[in-house]
Amino acid sequence: MKFERFGLGLLKGMTVTLRNLLRHPTVNQFPEQRLNISRRTRGNELVWSRERCTGCGTCAKTCPQGAIVIETSVNMTDNKYEVDKYQVDTGYCIQCGLCVEACPYDALFMGYAFERAQYRRGDLVQSDDALLESPERPASGYYHPDVASKLPRQTLLVDKIVEKRK
Amino acid sequence: MTFWPGNYWWHWLFYAAVIIVFVLLMVMGAIYFERRGLGRMQSRLGPNRTGPFGLLQPVADAVKVLLKENLVPDKADKLVHWLAPVVAFAPVLMIFAVIPFQNGALLADLNIGILFIVAVSSVATIGVFMAGWGSSNKYSLLGAMRNVAAVVSYEMPLALSVVATVLVAGTMSMNGIVQGQTIPYILLQPLGFLIFFAAGCAEINRSPFDLMEADQELVAGFHTEYSGMKFAMFYLVEYAEAIAISAIITTLFLSGWKGPWLTPWLWFIIKVFVVFFLMIWTRATFPRVRIDQLMAFAWKFLFPLALINLFVTAAQVLVWPDGLPWYVIFINFAIMGILILAWSKLFKLGLGRSEV
Amino acid sequence: MTQVYAVKDLAARLEERFPGSLEESDGDSLVVRAGSLLAVMAYLKDTVGLEFDYLNYITAVDYYSYFEVVYQLTSLTHNHTVVVKTRCQGRNNPSVPSVTGLWGGADFQEREIYDLMGIGFKGHPNLKRIFLWEGFPGHPLRKDFVP
Amino acid sequence: MTTTEMMTLKTEPFVLNFGPVHPSTHGVYRMRATLDGEVILDIEPVVGYLHRGIEKLAEERTFSGFIPLTDRLDYISPMSNNLAYCLAVEKLAGIKIPERGEYLRVIMAELQRLANHCVAVGSFLNDCGAYYTPFMYTFREREKIVDLFDMVCGQRLTYNYMRIGGVSQDIPEEFLPALKKLVKQLARFIEEYERLLKQNEILLARTKGVGILSRETAINCGISGPVARASGVAWDLRKADSYSVYDRFQFDIPVGEAGDSYDRYRVRIEEMRQSLRIIEQAMKDVPGGPVRAELPHLIRPPRGEAYGHLEAPKGELGFYIVSDGSIAPYRCHIRPTSLINLSALREMVKGWKVADLIAIFGSIDITMGEVDR
């Protein structure tokens, strides 16, 4: 160990820490201050629309984890599938979004909310009507530009947000 | 002139209470001050949830640690493991006995005050080594061995820089030193201040020299196997020692309780926090030094500089027997600059890789 | 760009240098007999014009009837690369000579192939399992592995 | 025996376990170090605590179904893993990627290199003992990059953004202005970071001349990435075997001389500057048009094998894929950059002290997801 620059290097370093002391901390008090998340966020649940879904099962085939279970019965009168059961095990789901991408009829959305922890593993399995879109289960704009444009714009740290500190 | 008219026992009881309350409050304040200061230097906030502005965070920590279970490893040496925090904490409290909060306001105005401090402060190492050895854990043994090696080699520069100040002050009693400081000794003794600050930080394992509980390497150093109340004691020891070293620096170099408008003991506390902020600042910026560099830094850099500083001060005291004039400040600063320049150019400190 | 070294003339040079060491060399890779693997590899690494001093990776593929150990070598100076393969038969413990002598980087990768594929490497300093624990039954990456 | 020989203290080595759960082993890595006092005689790495058998899983997944799994390999730089896998499959199936897709891939890969080096340099300083301050600064900058990734693909860690034949989605219109601001801020940040640490005597003391990796051992052990370039091996796949559109951009390759921990730190800082240069050039002329080639969802590459590799932030990351004509790969081997970079750790660490073992290990910058797969 040699003081090549007689300790000046150390003092220069200290000026940097001092300058950061006087700078505004880049921090956000989460529960009170909520920043807008990305419009294409892949929340940990799926949002399914019953009218658009034709029961083709492409989403179930492409899911790498096999988290989607779909049971359909043939409706002879107007010659199409009736979706009896559509069940997603969000415990298995790794939120990769391949199902939303693969759905030919845009019937599937990723969830926009991310606070979806449950107390029991059984509650992770959501099926049929629990999957429909609703105010507290908004759909994210992932692979749906029209839904994305309606969501609030993401707040970026690059824009130097200066928020009120509690 | 004792501050309190009562007889000896009243005086002793009052100051014992003052010291214990002072140490605990200052430790709580130091913990909070450090966590907020360190946080703000790292562009984050630091505790602000418990109580207004997070002021109750140290209290919350203390309560949490008290409720924690007190684990003792089964192969540990029970008695040594149990006694280590006590042996580590007692000397730190004893140091405060001779530190003047105000003119004459100290438990015992010993005429050998600073000698008592230097002697007592090395007893704490025994407690740390007992902790390292008692908890029969390889990491804590490594940490304890490092602590013993560091403290032994940093006693010398610490004592020598104190001797230089005593030469200038003429008396060893802490109160006398403060009264003798018409010009704060930091200006008369700049090199002494730097050496004392560096050696003090190494002694209480703070800032760049915190090898004893280097959490990156030795998990938690000597207090790895401690939990519950005993861990709280070691946490207390660490911050109490930091406050003790800051208090000694304020008394020796920053003219203790002297100050223009405010009440004297408030000046004392402000100066203690200023020196403590310096420690936080170095802790936030510098990486850690390796153990052999720590040794080399003590013996090859601090020790010779302390010796030369002692000779220079002795010569100056001989030339001006009745107190040093003000222009000596520039001479001393020039000497400090030259010495640091010379030493950092000449000496390669610390050996690299040992052939194995 | 890293050019693939012309396999044709490399095969020809190797054929006259080590007769009978190549099994087939029509594709874009050299298939070398296990017996003369070390000699060929040393030749590829040390001769002046070739200097394949950088071993990209070693891997093994289970083709049911035989195992194939694949080495990709690159020369940092000439910026050309070649894929060398050896085949070993037998399901219980096939084995191939180890190249740790030539390239230090092969050590962990060969232990991994031994651990997951079950191919022994003769001459490896400490050939034991690297990922799974000692008593693990079987080798998971084999096609006929039943957990 | 002279008196001095008799005097030397007889010490016997003891084995200290830097166990899987240790504050600075960057994940579940374990070293059994034989120590003589503080000096290290030998270390024996024990890996496998994070082995998930991704190569076996690959054989059961479709070619595009495997992409989410490549995020979990080197979870500090998932974009580069996705890109490496897609390059290998495109080489195997011979797919042409539209221009805009290529440019987006270069921008994302270079942003990922910046984010990875932020983590690498920050945690290296942490291992040298700087009490989390440089770590917090680098993570504040990494947060800005991760924000942009979040805007583009919706996730902050497992991006799953690249697809075979291009990129999954086009960038929103507010992406490029935010990228312009980010590039300016990052350039200023690197200057400030240099002022904090470039001349810091204690860092120089702890890292200069420590853990030297000679040029020959680096090439012999197959070391790649910043660790090899710090030892003087001027080998960077973006120039040597330039894939995608890297040949259109001007940037140079920082190379160290001594090959010690300080050079590895310097090479990473210089590489961050070069990445900024590439992003600036790529950002200016991003062409219009589609971002992804027209491909069926379940592609069936022809029988055969291919090895696609790229210059990932940690070194050469490659995928060796054998296809037998079905929708799933017959065999998919992943070149473990971190595992191979670790093979030289034993020579680099012998003779140094415990504190140096942690600093040298930190300077190699590994992630356990890539070591254990």
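Per-chain residue numbering starts at 1, and chain names A, B, C and D are given in the order in which the chains are listed.
The criterion applied here is as follows: a residue touches a chain if its C-beta (ideal position, glycine included) is under 8 Å from a C-beta of that chain, and two chains touch if they have at least 3 such contacts.
If you're wondering where the values come from, they're calculated on a predicted model, not measured in any experiment.
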{"item": "Chain at maximum distance from subunit A, centres defined as averaged CA atoms", "value": "B"}
{"item": "Centre-of-Cα separation between subunit D and subunit B, whole angstrom", "value": "42"}
{"item": "Length of the line joining the C-alpha centres of subunit B and subunit C, rounded to whole Å", "value": "62"}
{"item": "Subunit A-subunit D separation of Cα centroids, rounded to whole Å", "value": "26"}
{"item": "Sequence positions of subunit D contacting 2 or more other chains", "value": "133, 137, 140, 196, 200, 202, 205"}
{"item": "Residues of subunit A whose C-beta touches two or more other chains", "value": "1-4, 7, 10, 13, 16-17, 20, 26"}
{"item": "Contacting chain pairs - touch in the sense defined above", "value": "A-B, A-D, B-D, C-D"}
{"item": "Of all residues in subunit D, those that touch subunit B in their complex", "value": "14, 16, 22-24, 36, 38-41, 125-133, 136-137, 140, 196, 200, 202-203, 205-206, 209-210, 350-358"}
{"item": "List of subunit D residues in touch with subunit C within their complex", "value": "47-48, 51, 53, 55-56, 217, 219-223, 233, 235, 240-242, 307, 309, 316, 318, 320, 322, 330-331, 333, 335-336, 339-340, 342-344, 372"}
{"item": "Residues of subunit B touching subunit D in the complex", "value": "38, 41-44, 138-139, 142, 208, 210-211, 214-219, 283-293, 349-350, 352-356"}
{"item": "Subunit A-facing residues of subunit D, complex", "value": "61-62, 64-69, 133, 137, 140, 143-144, 147-148, 150-155, 158, 160, 168-169, 172, 174, 178, 181-182, 185, 192, 195-202, 204-205, 297"}
{"item": "Parts of subunit A lying in touch with subunit B, wherever the complex brings them together", "value": "1-4, 6-7, 10, 13-14, 16-18, 20-21, 23, 25-27, 165-166"}
